[in-house]
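Let me begin by presenting the structure, written as structure tokens, before commenting on it.
As written, the chains take the letters A, B, C, D, E, F, G and H, and residue 1 is the first residue of each chain.
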Amino acid sequence: MNHDQLNDLLTRLCAGQISQGEVVDQLRRLPVESFTEAQLDHHRCLRTGIPEIIFGQSKTADQIQAIIERMHARRSVILATRVDNDKAEKICKALPYLHYDPIARLLIGNQEYAPTIEVQGEIVLVTAGSSDLPIAEEARLTLELFGHPTKQIYDSGVAGIHRILGQTKTLQQAAAIIVIAGMEGALPSVVAGLTDAPVIGVPTSVGYGTGAGGFSALLGMLNSCSPGLAVVNIDNGFGAACMAAAINRIRS
Amino acid sequence: MNHDQLNDLLTRLCAGQISQGEVVDQLRRLPVESFTEAQLDHHRCLRTGIPEIIFGQSKTADQIQAIIERMHARRSVILATRVDNDKAEKICKALPYLHYDPIARLLIGNQEYAPTIEVQGEIVLVTAGSSDLPIAEEARLTLELFGHPTKQIYDSGVAGIHRILGQTKTLQQAAAIIVIAGMEGALPSVVAGLTDAPVIGVPTSVGYGTGAGGFSALLGMLNSCSPGLAVVNIDNGFGAACMAAAINRIRS
Amino acid sequence: MNHDQLNDLLTRLCAGQISQGEVVDQLRRLPVESFTEAQLDHHRCLRTGIPEIIFGQSKTADQIQAIIERMHARRSVILATRVDNDKAEKICKALPYLHYDPIARLLIGNQEYAPTIEVQGEIVLVTAGSSDLPIAEEARLTLELFGHPTKQIYDSGVAGIHRILGQTKTLQQAAAIIVIAGMEGALPSVVAGLTDAPVIGVPTSVGYGTGAGGFSALLGMLNSCSPGLAVVNIDNGFGAACMAAAINRIRS
Amino acid sequence: MNHDQLNDLLTRLCAGQISQGEVVDQLRRLPVESFTEAQLDHHRCLRTGIPEIIFGQSKTADQIQAIIERMHARRSVILATRVDNDKAEKICKALPYLHYDPIARLLIGNQEYAPTIEVQGEIVLVTAGSSDLPIAEEARLTLELFGHPTKQIYDSGVAGIHRILGQTKTLQQAAAIIVIAGMEGALPSVVAGLTDAPVIGVPTSVGYGTGAGGFSALLGMLNSCSPGLAVVNIDNGFGAACMAAAINRIRS
Amino acid sequence: MNHDQLNDLLTRLCAGQISQGEVVDQLRRLPVESFTEAQLDHHRCLRTGIPEIIFGQSKTADQIQAIIERMHARRSVILATRVDNDKAEKICKALPYLHYDPIARLLIGNQEYAPTIEVQGEIVLVTAGSSDLPIAEEARLTLELFGHPTKQIYDSGVAGIHRILGQTKTLQQAAAIIVIAGMEGALPSVVAGLTDAPVIGVPTSVGYGTGAGGFSALLGMLNSCSPGLAVVNIDNGFGAACMAAAINRIRS
Amino acid sequence: MNHDQLNDLLTRLCAGQISQGEVVDQLRRLPVESFTEAQLDHHRCLRTGIPEIIFGQSKTADQIQAIIERMHARRSVILATRVDNDKAEKICKALPYLHYDPIARLLIGNQEYAPTIEVQGEIVLVTAGSSDLPIAEEARLTLELFGHPTKQIYDSGVAGIHRILGQTKTLQQAAAIIVIAGMEGALPSVVAGLTDAPVIGVPTSVGYGTGAGGFSALLGMLNSCSPGLAVVNIDNGFGAACMAAAINRIRS
Amino acid sequence: MNHDQLNDLLTRLCAGQISQGEVVDQLRRLPVESFTEAQLDHHRCLRTGIPEIIFGQSKTADQIQAIIERMHARRSVILATRVDNDKAEKICKALPYLHYDPIARLLIGNQEYAPTIEVQGEIVLVTAGSSDLPIAEEARLTLELFGHPTKQIYDSGVAGIHRILGQTKTLQQAAAIIVIAGMEGALPSVVAGLTDAPVIGVPTSVGYGTGAGGFSALLGMLNSCSPGLAVVNIDNGFGAACMAAAINRIRS
Amino acid sequence: MNHDQLNDLLTRLCAGQISQGEVVDQLRRLPVESFTEAQLDHHRCLRTGIPEIIFGQSKTADQIQAIIERMHARRSVILATRVDNDKAEKICKALPYLHYDPIARLLIGNQEYAPTIEVQGEIVLVTAGSSDLPIAEEARLTLELFGHPTKQIYDSGVAGIHRILGQTKTLQQAAAIIVIAGMEGALPSVVAGLTDAPVIGVPTSVGYGTGAGGFSALLGMLNSCSPGLAVVNIDNGFGAACMAAAINRIRS
């Protein structure tokens, strides 16, 4: 509502064309009324660069399928995360245009509708151990779906520190680095100490006992003594990919 | 020693202005030849783009002063974080070339030796409430010290959601956004839902009871349903600034 | 025994349709005369407006069935919460007058004996995502069983903030609002900032990693910067419905 | 600006007592026309029934005073919470129109500008022990400031259960009940089992050891077996008052 | 070996019914002469009044059976706790002199060798809800095995406070009271406020969400404002029974 | 309300002497109405054997003094716990009939009005280290005030296990044992393994780091493998004394 | 890079044989460049005395098998930890040169390639209860694989303290002692108080309720009042064995 | 008690020289009776190699002084840990034969009575940052007091990984290594990956926010992926020194 509209409103009030109650009612709901009936977030991709994604974990196969069908109908790229094997099988049977990656637990479809973007460079994916693979693959496939080139440095934990040191050049040339580690989560600190590229730490739930489902790795990363590092939720490879994508895309 | 200083040194060597012996002598103190006496990380700025910073909290005024004097002697930019008023007063009396910011609790000096960099754009700083100011200022002054332009959107928490909505255009033009919030830490989720710029969440210890010294805000940010968001430690304005700086600098 | 039933009993006594002895005999089972055999809280509906409810989670199907049969015998409305599919199937086979809702995990029966009440208005149910549906339905069915009209605003999380903003008018006209959200639990803060109706937050266990089974959402809601908001246990749609019912009923 | 003030403004406009330009000018400061300078949420009282409140804990005396002066200038009721003695003394010396309550730690002023509302009935305040007094008083003074009548039942913890039982009639006639308890936080469960009024539990940090700063009381309340109970943050008497106020005001 | 058996042995020695060598041989297996092979604590019943008990949870059926056979061979009373149905079935088939209680999950045998004791009075068992039954039965059967009379007050939680109030006389005549409650764990506080008998609280894992597997109930009990109450581990009905037994036996 | 009273009520209803509404009203508030006006818990000592005690920690000196004066006026024994030096000095100056113990932080007075009781035997107090002294003294002075003889075994932690072993005879003759230990809290397990007397564990906040203010000691005691042990809150010497007193007094 | 190499580099720069940019690039990646291409940690055994071990828990049978085959090809001793029965069966069928221990959950092979070492003495393994057996066996088999003699003192928890006291001589002659205990984890404190040998505590997840999956035992060990004790992760028998092996091997 | 003693006892029983009750009484207290009257742990040094140490933190200056005087009288080496400046000053004034180290917060005296031992080699002390100095010095001075040579590698955290890599040779020659680190606690993992010497991790409380007083560092170390590492309590430099001393002393 601009000056003119407000003046018009008050003029009509003074002219008795609308009641004082109606004016109060209109003023009361500002500034929000103009966003009416936005049940579905069709504009998210324009706004944030990332289209609406389906969080598959706590939905039934039927729920996921129904959402995908609506997205498919309006020609949207499709990505559902944390979809287990059983659900995926059921959905893929019904919707054969989908592809399922059992390691990354991703359902993917309609890549041709993914937004085309310009990127700054390569995203480097680093893992501490081979147990971190599912999270790394969730990140990698998400990045590729949205048009970001990636490079992998897997199985390079701090117990054999020279493995990551040998990759310093690659780390220094990255547009952004995603470091995925469970247990003590020390690897992102070491990586961030070797490069000026922004580092995104992903703690994983790999471990046991005091690993506490990834909390130890998370706390390790949050308390890093190396600057240039930020962190996402435990096992959130998808979130790390989105952060890396936000960093890597060229906003003009 | 930063890129500029190294290039300058080599240029002067090629120009015959200093001898090769002098260059070797200066490079000796970089951890090049021998690791055995590498108490101080002179090489860090070249490697990570951020020179060595002093974590002031658990050091005595004497310890901080001694470190600053050594850094000053080799012409390094100086930044000490989490320095309280009493320590700062004592140190500034001894070292009058330092400036102390009592809100951000930063000791700053030798700005002229800060590395010169090329940046992509502006870093936007958003706070939920005026209690978050000290952390925001820690981030802002750090960014400015390292040559990053900033813009402030302060006091825009979700209880009055229109305040941040009115800033959507600014949020969409940022190179990176730092969102600083205590209590429930919901603001970064809302911001990340409005923009395609990378968002760095900084939980603050503002709050009481179940706020748990910032843990509630932290957990809120880590569990955000908005992609494109990563998080640093509670009250870590400095760390957020370093992440934003890593994102914003143009690596060639 | 609810108000209606007690009034009916006394009316029939006054009308000579039943003897005083019969009335005493029926009231005997209320905890009036002697506390010694008050295993079951027949008096609760008169006292609190909500009859005794069966917490189905840690009881066997046999235990639940036995309790329902006793309640059925004295004409009580029946509601059992957190009953899984297997138990429900077994019980419904034995007691065909029951209805089971598999999403809300509720066993319902004898609606005709529910107390009749006067209400102030509508209870609005808001969810952040479609994964929160089971808890929302637990709340909705409980409210409807006890005679409260409801309105649903589902799938309106803060990642697309305009979705909830577009519903502001509905939020401002509610008698009470139940907001159900997992992950960071930010939605109740935003809702409470848009309305003067009392808001009841229900954190859900939707999420993973640091979501910590709903604790992050809970902490987010408890630390809300928006006043006019109170919270119930994680996944406690039933409890939220009871609170909303207590607010909405007109006490004369 | 509250309903009364807005109606008054429009009435005076219709009566020709002020010009349309003056009205527009005043409304300009509401977030109507432009969001760009909405640092302060002048619109909040119209939207949520509760004007903007100052969270005094992590602000300096100077910050609090500056905010109060701006609010005073536009004739707003003033309430600052969690203000300690030292800050209060300094502020009251500068702004003698303020009143400070040292038990509730509240700064109050301009009561005459508080919104006038219609209420359903009385809010009953119950405490477990005399150590809970400060939180109870924070709630009581907040309620009174906003025009809600209150009744006190203090020092009635479950160790002497008959104390609260003797108040059952009062509990059953309340429009809403705020129960304030530390240690094991059992009192709200007992109260909610005695009444059909909505109960708001406020855990307090009274206790030691495993009391964990109020977490035990909080958990006790969240896990209550009595329906009709919702909870606010530890020591949040103000928040409980706002929830009770939202319940008690008659929305037309 | 218990007091009775030892006295019997010595009496028979004095009476010449067995030789001194035979006595020495039997006592050899007590940890008297040599500690080196004291794998099993045969001496425990003499020392603590409670014979060695088998913690069945983390042992295989084979391990449990082997231990029971050795205990059976030396005429010991047998009690194994936390034995699930599958293990119990397997063991009972092999050792038909055992009895299994599926609710209490106890394996019991050789009651005739339980020590005979003198007791002060009755142990009263109180539960909050019917979900607490398994733990209550674990306590009750343990007490009865060791010769302590018990009385049950089940299903008397604080949501209907009159249920426990009606039992005050029984509570005041008990030698000790075991109160078993999940969720908020408030019942022991109320009971301890009604009697001068020692109260043992047993938090149970009944609940969900913030119930945190019994931690909320535990914390509630530890922070009780009622003196005369002590607490055992979550779901530890056996431990509560042992504490009650220690209180109730007359030590001469 | 008994049979006669109920019949009378109904007769009067049938006779039209009271309205149906009045009958409903009276029946609604049962069974609680009879406890009217019990503001102060004067009968607690009769009911629980322990008179009302003042929790001094979160009360001001003025509040404590006011309560003591009222108790003094009705000739009650006086015990205030967790009173720090400053408060105690102020109160003792005003009320010279009080005695303050600075180690136990107890204010004591009017011992002559303490209830006289018959006891079973001696309470043995055991501490792990000399740092646990304040808590042990809080327990000891409380016990002596209420007429229980005590015996001390101080400074006998498990690092020198023979120290407690040498006291086995004393431990086996006790009526009850209070074991006070910080750090790992292992001593109660060892003691409970040596005696058939009931053992009350008191974890203390002695320690640092992972000691977590006594939580490690608490958890150690709750998970004891020795039966015959129950636990009170951290640093709760008073509570342990009350439990021991409840065990030791002879109820006739 | 040594003096000569640096001088050579600078000489070539001055001679125009390499560009200034190349020099900067080489100096920037020091001191890490020399570690190139270390994808696999073949040298770990030389460096740390322990060859690369496979953490089997979060890997598939296929992943484990692939890694073992590569290790087998280069004649490495093979040890995979935390391998469950199903995976083990599948792998052993394919690779019959492996042996699986179902209690310790270890896959072992190629013992003949284990490093031969000189040791100081015997490692003593102590367990609190028979439920701790799997962790003890994981430690024992690991030690034996790497050539360390072991001695077992099993089932000697503190509830029967004489069992461990009888083993004092063995404890005092050990080269190192591994103490494995769940529940309250008190045994390592007692053991460390009896010997001058280094003690390694292994908390186990044996227990329930507040045992919290081994956290109580862990905290107990970390807060031990006995010096000469250090701790590894919950259930980490393998890690304890490695620490003991590091202590026991004679480094020349 | 051996065979002869037991036979003698039984013979006297049969001869009527002692009563059956006396025999039961003697057998009941075995195996503990022989440890009588061990109030003070004079033999600890013989038993564990470390004399009794005073934990100064929760003792008053008077208590500490009294203990030291008794130890001095029997010619014991004296070490009191965690003694703050104020206490130390007071004690040193009274007992001038003591030395106080204000950084390590240790009171030391009577070094000449320290046990003389044979050692295997040098203990290397590594710190991550200069804030860890107090804990490192607590360890170093403890080690030197008991005759262990030490070597320091200070200020070598993982943010500049080359600093510790340059010390690999020293790390590989150590008899044991103590690594002291706060924040993310990653340094011990890196060190343990570089050497076959046993590594003792000491988490420190250096950090803020999620550092949680050292818990993050602790969890990082417990979850290390590098074998050959064990951990002590947060800030427990003394405990690490004792573990290192136990490893380093040659037991003959």
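Simple rule for what comes next: a contact is a pair of C-beta atoms (placed from the backbone, for glycine too) under 8 Å apart; a residue touches a chain by one contact, two chains touch by 3 or more.
Because the structure is a prediction, the values reported are computed rather than measured.
Student: If you apply the touch rule, which chains end up adjacent to both subunit A and subunit H?
Tutor: B, G
Student: With chain centres set to the mean of the C-alpha atoms, which chain is at the far end from subunit C?
Tutor: H
Student: Weigh E-H against B-C on C-beta contact pairs and write down the one with more.
Tutor: Greater number of contacting C-beta pairs: B-C.
Student: Among A-D, B-D or B-C, find the interface that matches A-H: by residue number, over half of the contact pairs should be common to both.
Tutor: From the options A-D, B-D or B-C, the copy of A-H is B-C.
Student: Cα centroid separation between subunit E and subunit G, in whole Å?
Tutor: Inter-chain centre distance comes to 39 Å.
Student: Take the average of all CA coordinates in subunit D, do the same for subunit E, and state the distance between these two points in whole angstrom.
Tutor: Inter-chain centre distance comes to 50 Å.
Student: Once you find the CA centre of subunit B and the CA centre of subunit E, what distance in Å lies between them?
Tutor: Using C-alpha averages as centres, the distance is 60 Å.
Student: Which residue numbers or ranges of subunit H touch two or more of the other chains?
Tutor: Where subunit H meets two or more other chains at a single residue, that happens at 28, 30-32, 44, 55, 129, 159-162, 165-166, 182, 192-194, 209-211, 215, 218, 222-223, 225-226, 233-234.
Student: Would you mind giving me the full set of chain pairs in touch?
Tutor: All chain pairs meeting the touch criterion are A-B, A-C, A-D, A-G, A-H, B-C, B-D, B-G, B-H, C-D, C-E, C-F, D-E, D-F, E-F, E-G, E-H, F-G, F-H, G-H.
Student: Hey, which residues of subunit C end up touching subunit E in the complex?
Tutor: These residues of subunit C touch subunit E: 31, 34-36, 38-41, 43-44, 55, 57-59, 63, 67, 82, 203, 205, 213-215, 218, 233-236.
Student: Note which residues of subunit F are touching subunit E in the complex, please.
Tutor: 30-32, 44, 47-50, 53, 55, 121, 172-173, 175-176, 192-200, 218, 222-223, 225-234, 238-240, 242-243, 245-247, 249, 251
Student: Under the touch definition given earlier, write down the residues of subunit A that touch subunit D in their complex.
Tutor: Contact set of subunit A toward subunit D: 1-3, 6-7, 10-11, 13-14, 20, 23-24, 27-31.
Student: List the residues on subunit D that touch subunit F in their complex, please.
Tutor: These residues of subunit D touch subunit F: 129-131, 155, 159-160, 162-163, 165-166, 168-169, 172, 182, 194, 206, 208-211.
Student: For subunit E, which residues are in contact with subunit D within the complex?
Tutor: Contact set of subunit E toward subunit D: 128-129, 157-161, 165, 183-186, 189-190, 192-194, 207, 209-212, 215-217, 219-226.
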